[in-house]
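What follows is a group of structures, each given as C-alpha cells.
The two complexes that follow have chain A in common; it is paired with chain B in the first and with chain C in the second.
Here is the complex of A and B:
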C-alpha cells in the first residue's frame, strides 16, 4: 500500500515535469523540470530495490548531465523566447501522433502476459560489479573507450578557435 | 504488492512525452532534454524488468550502460550546439540549413 502511494507520487511528479516542459517556453524552467523528473525516476529506482542504479542516476544525471545542460543554456540563450512556441497545426499533429503512440504502447503492455518473478534478485553492489567484469566485460571495455572518445571529441569541438590567416578572419587577427 | 505493469505504462508515458518534446521544440537544448526523457524511459523499463522479470541483475547492469551512454551523448551534443551557436549565433535548429539536408 505504501509502495503504491510512493509510486504514484513519484510517477505523477515525473509526468507533471514532462507536461510542464512541453508547455513551458522558458529554457531555464525546462532545465529545472528536467532535474525534477530525473530525481523522481531516481526515487523509482530506489523503490524498485535498485539502490546502486538510483545513486548513479542522482550522481551522474542530476550532478553531471543536468548541470551541463544548465551551462549550455547559460552559454547559448539569447532572445529565443518567441521561437519556442509551436504553431497550431503542429500542436494538432503532435497530439494526434502522441495519442496514437501512447494508445498502441499501453494496449500492447496491457495485453501481454509478462513472465513475472515475485522474488527480487540478490541485490548488492558486489553482484553488479561481478556482472560488469564477468558477463558484460566486452561492453564494459567498449563503453570505457567510448567515454574517452566522447571526452576527447567534446574537448576538440569546444576548443577556442585558433585565428588563421584566411581572409574571413582578417578583422579578428590584428597582428602587430 | 505492485507488479510490472504500472512501471511499463509510466515508461510508455515518459517515452511519448520525450518524443513530443523532441518534435515540438525548436531550441536544440530543449530537444536534448527530450532525448534525456526517452533514455530515462528506457532505463526505467530495464530496472523494472530487473526487479519483476526473470533476467536477474542484467537489467541493472544494462541500465548503468544506458546512463553512461546518455552522459557521453549529452557532452558531445552540447559541444556541437556550442559550435553551432558560435557559427550562426542561435540554437534555433530551423536555422541550421547550411548543408541543405
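Here is the complex of A and C:
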C-alpha cells in the first residue's frame, strides 16, 4: 500500500517534470525540471531496492551531468538566451522522430514479459561488479573506449582556436 | 516631493544628513507570530534564560541522554517502524541544528583567537555562547527580500535544495554500531550523492538572484565542485578497495582495535589519501582556501549576496552541516570512526570528538590560509591533486595485492615488493610535504606570467 503510494508520487513527479521540460521556454527552468525528473527516477530505483543504481543515478546524472549542464547554460546570458521554439520544417522531423521513439517504447513495454520476482540480493554492488568484469567484459570495455573517444573529442573541440604564434607556424602564412 | 524638498533645509544639518527613511516592514504569518511572542515574553524570558544558562544546558543534556536511553530501551521495541523513523529523524535534525549553531559560534571564536581578538563575548553568560541563537532570532525577524528581476520560484526554492540534501546525508552516516538511521550497503555513495545535490542549490540560488556577483559565485562553485569531486572520490576508492565494502558501518567496524588498525596507518598511500580527501573536501564544501564561491573580497558575498533573513540562514546551516558531514566521512573511513585509540572503548562519543576535531581544523585552515584564485584552484586540482590521487590508488592496490592469499602473484619476492612499495609511498609522502613546503616558500609568488605584468609591486 505504502509502496504503491510512493510509487505513484514519484512516477507522477517524473511524468510532470518531463511534461514541464517540454512546456517551459526558459532553458534554465528546463534544466531544473530535468534534474527533478532524474531525482524522481532515482527515487523509483530506491523503491525497487536497487540502491546502488539509484545512488549512481543521483551521483552521476544529478551531481555530475546536471551540474555541468546548468553550468553551461549559465554561461549564456538570460536576455540573449534563445527562446526554444522549433521552426515549421523542424516540427515535421521532430514529430517523426518522436513518433518512432514512442512506438518503440510502447512496443517494448507491451512485448516484455513482466515478472514479479523477489527483491534482488542485498549485496548488489558486488554482483554488478562481478557481472561487469565477467559476463559483460566486452561491452564494458567498448563503452569505456567510447567514453575515451568522447573525451578526446571534447578536448579537441575545446582547444584554443587561435593558432599558436610559433616561429615555424607563422613562416608559411601571410598576415593579412 | 515638494514639501520634503522645502522642509529639508530647515532641519539642522547634522540630523538631516543622516536621517534615512526606512520602509516600514510589515510582518505577516509566522514571522508576525514570532515577533509578537518575542516582544511579549522576551523581556522576561531572555534574562531568565541567561541567568540559568548553565543549569538549562546541563538539564537539557541530561534530558536528551535520558530520553534517548528510555526510547531505545523501552519504547522503541513496542512501536511500529515509522514512529522509530520519526523519532530518529527528529533527533538527527536536533543534532544537526546544534552542530550548525555551535559551529557558527565556534567559527567566530576560532577566528577571534587566531586574529588576537575575543570574538563574541556579550550574548549569553559565558564567552558569548548564545550569539548564534541571538543571530537566529534576528534573522527570523528580518524581511524576506527578493530582487525584482530575480527568477522568483527558483530563488525561493534554492535554500531548501541546499539544506535538505545536506541533512539527508546524515541519514546514512553512522555514529556507532547501531547508531545509524539506515545502514545501507551503499552508504558512502549515498552521502557523496547528497553532498553533490547540495551544490545544485547553491548554483540555483546564484543564477536565480540575477546578480553578477551571485552568478560568478555559482559558476565558480560549479566548476570547482565538478573538478574536486574526482580526487575526493578516488581517494575514497583507495580506502574502499582496501576494506572491501561501501557500507559505512562495515568500514567503521573493520577498523576496530586500537589506533594502529585505523585505515590511516595501514600503508603510506592511504595516509596520503586521507590528506588528499581532506583537501578535496575543503573544496567541495567551499571552505577556505577554496571559498571562491563566496569570495568576500571580490564578490560581495558570492552566491548568497541577494539573500536575507531566514533563507540566508539556511545557506549557512547547509554549509556547516556539509562541513560536519565530510568530516564524519573522513572520520569513519580513515580515522576509525567510533573506535577508540585504545581497544575496547568504542563509543559514538569518539566519533563526535574526531569529527569535531576535523571541523576545527577546517576553521583553523580557513583563518590561516589566504584565498587562492580560480585558475590556481583548477590548476592545483587537474595538474597536481588528480595525478597524485591516481598514483595513491595504484600504490594502495599494489600494496594490498602482495600479501593477499588469493593472489599468489608476488609470493616469491613479497619482501622486495613491500620494500619497493614502501619506498615509493615514503617518496610520495615526502613529495607531498615538499610540495607543501615549496608552496609555502613561494607563497607570495603569482602563478601566471600574464597577471604578474599588470600587478604593481610584483
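The rule we apply is simple: the second predicted complex is superposed on the first by the 115 of 176 C-alpha atoms of A that agree within 3 Å, B and C clash if a C-alpha of one lies under 4 Å from a C-alpha of the other, contacts with A are read in each partner's own complex, and residues count from 1 in each chain.
As a convention for this text, a residue touches a chain if its C-beta (ideal position, glycine included) is under 8 Å from a C-beta of that chain, and two chains touch if they have at least 3 such contacts.
It should be emphasised that the depicted structure is a prediction, and the values quoted were computed from it without experimental measurement.
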Worksheet item: Of the two partner chains, chain B (first) and chain C (second), which one does A:28 touch, if any: first, second, both, or neither?
Response: second
Discussion item. Quick check for you: in the superposed arrangement, does A:141 touch first (chain B), second (chain C), both or neither?
Written reply: neither
Worksheet item: More residues of chain A are touched by which partner: chain B or chain C?
Response: B
Practice prompt. Would you check which partner chain A:18 touches, where first means chain B only, second means chain C only, and both and neither mean what they say?
Written response: first
Worksheet item: Which of the two partners, first being chain B and second being chain C, lies in contact with A:52: first, second, both, or neither?
Response: both
Worksheet item: With the two structures laid over each other on chain A, which partner does A:62 touch: chain B (first), chain C (second), both, or neither?
Response: second
Worksheet item: What part of chain A is shared between its chain B contacts and its chain C contacts?
Response: 52, 56, 64, 68, 71, 75, 78, 122-123
Worksheet entry | chain A contact footprint on chain C (complex, rising order) | 151, 154, 184-186, 189-190, 192-194, 196-197, 199-200, 203-204, 207, 210, 215, 218-219, 222-223, 225-226, 229, 246
Worksheet item: In their complex, what parts of chain B are in touch with chain A?
Response: 1-10, 12-21, 23-27, 29-30, 32-34, 36-37, 40, 43-44, 47-48, 50-54, 56-58, 60-61, 63-65, 67-76, 78-83, 85-86, 89-92
Discussion item. Going by the contact rule set out above, which residues of chain A touch chain B in the complex?
Written reply: 3-4, 7, 11, 14-15, 18-19, 21-22, 27, 30-31, 34, 37-38, 41, 44-45, 48-50, 52-53, 56-57, 60-61, 64-65, 68-69, 71-73, 75-78, 80, 83-84, 86, 90-91, 94, 97-98, 101-102, 105-106, 109-110, 114-118, 120-123, 127-128, 131-132, 135-136, 139, 143, 146-147, 150-151, 153-155, 157-158, 161
Worksheet entry | chain A - residues contacting chain C, complex | 26, 28-29, 32, 35, 39, 51-52, 55-56, 58-59, 62-64, 66-68, 70-71, 74-75, 78, 122-125
